[in-house]
């Protein structure tokens, strides 16, 4: 169980202590989310047949965890700012996805629902 | 409280029912996370002095919630694949951030810790 | 005038000298393009009413130029790998955009063509 | 040869005709660049051992070219706004990269220069 509200409260305090609320508009937090998602991608960008990232190698694992954390932290902030429940919107979207991607039509296919 | 494991279990079933596990390497899921983060950013990309996105307008709100959901869904999948607890890594990273950004040095400043 | 082919030839040599062609699939180069675009965005992510990035401040300017360069370098590599002329595809896309966004309908509006 | 200035002039006219200059701050254009880079990545996001994107299939090729064009168009706009020569900054950055990645140290390695 993730205590979303406690995490958000801590993050709110962190920003407020540093007088950073002025920078944390939804748009800016969403920009930061993109930047952090990019940093996570960077760790995997050159994966190739002969070059697989070993996510269990301790130093790599630490980097991966830190970047995942950064993405999650900004996502929590965005949800807090916009008064969105991450769990509720995920459940609602999963229902939509189940309709957009019926099992029989999408089985084994990596294509967009518009092309099924 | 977010029931991370239940959400992940549902997502795992969703992928498995569609024979999509073959596409869901950490690297691919991280690519998808970036794509969805970009779609969320798209909704805010032209914000300007005279053009503020109204996140309470129902159609916009629905889009914003759907994109936030997509980001969260892929983040849950990535955490599941890599056996990472989103809460634990977030808490660990927040501690690091508190050290990297001491209140007195970072107050009111939107700069990287390397420039404090 | 940009000598696209000469730049691409130099970049090809750079990769080949380092035995990096094995990592430079279109997909990997596109991942790197996203990472660099994110690094460029990072420089502007906290822009706010009271915090405008001064792109003429020498150190900031250098960073901005370096990140723009990185995006362009990967774009040149991608175009080279896929045998795409950047100029030709840009001109073709500009024609499409002119049709999707007729002046009278899109004047002063920051919305997607699907909503005009 | 790419006629950068002519392309930029056309793009400037396109924006100005639609009264879009108000939305085209460097920061907003850089956001749009990220969004388009994400759309290009989307076309390749599920690449796997048994699922290679066929960039010669006409419909896919058209999509790839359109997304590459969008990235290039925004890059041209950003360079125009910031008075940056894409060619000059690319050449300057390639020199830096040659120093950061000496051939003997970086041969066959897909790691950041900080780890060589």
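First chain written, first letter: the chains are A, B, C and D, and each begins at residue 1.
Here, a residue touches a chain if its C-beta (ideal position, glycine included) is under 8 Å from a C-beta of that chain, and two chains touch if they have at least 3 such contacts.
What you see is a predicted model; the values in this text were computed from it and never measured.
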| item | value |
| --- | --- |
| Copies subunit D and subunit C - interface residue numbers shared by over half, same or different | same |
| More contacts between chains, A-C or A-B | A-B |
| Between subunit C and subunit A, distance of the C-alpha-averaged centres to the nearest whole Å | 24 |
| Computed distance of Cα centres, subunit B from subunit A, in Å | 2 |
| Contacts with 2+ other chains: residues of subunit B | 22-23, 31, 34, 37-38, 41, 44, 46-48, 51, 110 |
| Residues on subunit D engaged by subunit B in the complex (per definition of touch) | 22-23, 25, 28, 31-32, 34-35, 37-39, 41-42, 44-48, 50-51 |
| Subunit A residues within the subunit D interface of the complex | 31, 34, 46, 48, 51, 110 |
| List of subunit A residues in touch with subunit B within their complex | 1-4, 7, 10-11, 14, 17-20, 22-23, 26-27, 30-31, 33-34, 37-38, 40-41, 44, 47, 53, 55, 64-66, 68-73, 75-76, 78-79, 82, 84, 86-87, 89-94, 96-98, 101, 103, 106-110 |
